[in-house]
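You will see two complexes here that share chain A, one where it goes with chain B and one where it goes with chain C.
Our next item is the complex of A and B:
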């Protein structure tokens, strides 16, 4: 991570500030002469990558499902069900058929995106902030702080994600009146408490690589405080691996939420998510496999698109792969 | 080597204590009544609750409770469940089944994963390479429980090639289908890892040297390139064995296997705290020991790595 482009990225804002300070009447520099940063290089690379475009379009569609589900369901309500239609197969009226309670599977699948995607985004945000913070502290300060934080990480790393999630969730049972956001918060907490360790390990090793780079030594020699060095120089230059892993694990958390809901511990009805739909469909797999197939398909495509996005970002950010 | 092993073993002690403490705290100290539903529809009689609270030291402060548990644990006493069975006997009964399942899964990973990776690397950007890359990506994206249901439905029920559920004896034949499901995710990773390593090694100087010495292509690939590419794959598979033992909850649930995962899931649902803590402790111990073993083996396979 100590390649010249990256260090230029950190130095660039400083020099621009200095220029405007000295003479505000200077004409703006043409963009081609400015050294391009790692991030703008990566963006150029990404725009031409087929995998990136495909996964970005898919993720955009999932975000629409999350924010405006009614746009895609033609105004149908996921809680309007008719028992007469129970387990009827796909038809032109209901593309994905009806579930056990006679609810439209298509409408419920679209509405199910919200809880699943929200768990993925918040769990990733939580682990990135907590794991990133611990990793920066351990990597930057080293010494006994590193020893303590690393042992702490080892302790949490030893507990498998699913096991810990089950333990936390079975201690916080849901009642009838917990709403969507409480339910999501509970699952995010369960995944986040054990998920931050991998982020910490990655951030720590990439901070250690940057810590002794020349531009950090120079900033310190100029009298910058530790806080400023971390904010302006260390974090921007060690963030790339964390972002790659975060994108990929976003897909992983969506899958983990579905697994926990499938075990009957994650999100609980009436909250709709792909995991709860699969859990509901499971006893009827012999007579109505479509009930399980469609939510499982959407779930897999969502996970797949985040993994593909992560792969594309990794390729764009790694100068060795260019 | 010996000193390295001893140092690693000593470093494991605080990690084991920390991990078991967290598990213990999660099981016993989080909100929720441990006796809810223990006595059928009625609430438990006060005398029963008092006796059980005394037996499991629930009235002591948490560190004291944990200290007492740890003292028993060091003496090899894993405690008793609410019904009075020793936790150790339950673990001893379930462990062999899970061990067999994980062993078959590892064999599948090694045979299929490595050959798929070699095939893909030798056909770089060809038909097989693309096919393997796309299939592994799909397998990585589909959650294990969905793969489990699809496999059970297709091969167990529709085609009838394998029994859809596993009986109490858990024969090898019954375990093949669950083992495939359990192995699927790691299989995809092994194939990709092997492909990446071999493709990189095929461009290495020593392979060019071997070819220019006049060795046959088969010998260059088999003797030089594949052997060197196996090193990271072996570490991955080793570390995976520890993870498979604990990660079998979902697979064991779908196929009704009475192993460690099933035992753990059941005891979490019925709030058998002592069993949960005992099983997780054993799993974490196995996980840490296997990782240590893999690290030591790593030095044995790759002479460039030396532990002082």
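Our next item is the complex of A and C:
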């Protein structure tokens, strides 16, 4: 048998693996092959995916809007409005036109990203943590713990997300002196309190798959405690589906926030978000359609790019789809 | 009676399934001393792995239930210990290696991480010290270029090398007892021999007691001191290796030995024990082996044979062991 590493260096990644398997007990040549984990493998796969690159660029732009909106608005302030410019159409001075109060729609659209993206990220983080935790507990311990947690999940799962959101938000109306972060926090809570159930179900089923894997049994046999088994062996091996669903649902939460704000329940003025802008534009849709179009377009692109990112991540993490 | 390092005494384990109660272990007893190798032989489903899992305390409960017996380690009953105390024994005092080393290693961490973890958890070492010990151990289990390979992931190793890593993890804390559950079954023959040799060397160096669970008579011959043959959750015969191979006193053992291919029997049809192992849900009455036994008589259908000492340290559970001896 010839040196497997020499042939492997030239061959495709799949062959490298096959060769190392057969290349029985030969030591590797230093530097010929970098250690590869599931995650580094997925990253390698992602970098070549067009969908990932497109969605990543878009998300990067949205993140810049969130953190440094002033960079993209050339220093314009979203709250500086001039009533005499009310509902003027797009022009070179204001690319997206002016809204009912004579505020620049472009500037407001850029600033609106902050609230929308923040709601998306924090709602996803919240549901991932809560749902993931409940899912791990239910899946790992099974038995009556699983029964109780699963029934609890079912109950929450039965309440529609938007209905629950409306219920929570209308019970705790915001006053004039709530700031952006309190507003965002409230919406995150309203979405998260019902949104965690799907995360729980996904985490639970993937933990059940991993729980009986030989390496978990082996870890226990070699003296690892339950906590350690969960942290080191179960969670890292069952996280992939959760990450995929989380990325996709991030877009969903941005959409849900817009829906709630559109209904006048989510974020409240003076907080700017795409949802509130669409709400503002609704009465004037026939006179000034651009007021509706631009924030709605940004919203759609944001939701789409997170869903595309989720798709790309799923393809990279699931070897069966390759 | 002298105290053994590990003693399994009249152990009963059953699985309560939807289809009924499966009697997996029906009164198994064996003992192990330091530096000794006990081979537990048997077909799939004979209860050899379940016994090992019960000793380790990794049996799935439920559906598994321990319905009787004791497991004494250094004179203390493991089954009566609180979980926290057993935790300290697992891995550090009694350790185990598994059949399929690819699935027994965590795919998302490097092998070095996993070996080092043993030292971090049980010895409170830092990551750096743990990694240094991991390289040490990988050298001890004869993995070439251990320093570089410590940062590799399990799937980058060949089957034999992975089993060595599993062994390195299992012996990392100097356990007194090592249970090897079919350690060579997933490997090809040449690698099997290397792994068995390694296990034997490590055992001698460290004076460990080793329980070798296997269905491969060839693997056992060179390594074991004592053999216990299991059938349908019972030990049907146990003896020292040479005694058992030379003078089997149970028809099942005899059948197993006869079914081994030999160089001098080339061209002849291979002997096979007729029938299949019984379902654990419906064990045949009397002697469990009676449906397949060439020596079967009416007594075998009625009475469970007791284990009798047919020669010094040689036990057989057959009503007609004397007739087996005559053949």
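Assume the second predicted complex is superposed on the first by the 287 of 322 C-alpha atoms of A that agree within 3 Å, B and C clash if a C-alpha of one lies under 4 Å from a C-alpha of the other, contacts with A are read in each partner's own complex, and residues count from 1 in each chain.
Keep in mind that, in the parts below, contacts are C-beta pairs under 8 Å (C-beta built on N, C-alpha and C of every residue); 3 or more make two chains touch, one makes a residue touch a chain.
These figures come from a predicted structure and were not determined experimentally.
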item: Touched partner set for A:213, first chain B, second chain C, both or neither; value: second
item: Which superposed partner A:39 touches (first chain B, second chain C, both, neither); value: second
item: Which of chain B and chain C A:299 touches, first, second, both or neither; value: first
item: Which of chain B and chain C A:233 touches, first, second, both or neither; value: second
item: Touching partner for A:179 - first (chain B), second (chain C), both, neither; value: neither
item: Which of chain B and chain C A:221 touches, first, second, both or neither; value: second
item: Shared contact residues on chain A - chain B and chain C; value: none
item: Of chain B, residues touching chain A in the complex; value: 14-16, 18-19, 22-23, 26-27, 30-32, 137-138, 140-146, 149, 153, 157, 243, 246-247, 249-250, 253, 264-265, 268-269, 271, 276, 280, 283-284, 287-288
item: Chain B-facing residues of chain A, complex; value: 151-152, 154-156, 158-160, 162-164, 166-168, 170-173, 251, 255, 258-259, 262-263, 278, 282, 285-286, 289, 292, 296, 299-301, 303-304, 307-308
item: Complex interface listing, chain A residues touching chain C; value: 17, 20-28, 30, 33, 35-39, 213-215, 217-225, 228, 232-233, 236-237
item: Residue ranges of chain C touching chain A (in the complex, touch as defined); value: 56, 58, 87-92, 95-96, 98, 100, 103-110, 117-118, 121-122, 144-145, 148-149, 151-153, 155-161, 166, 169-170, 173, 191
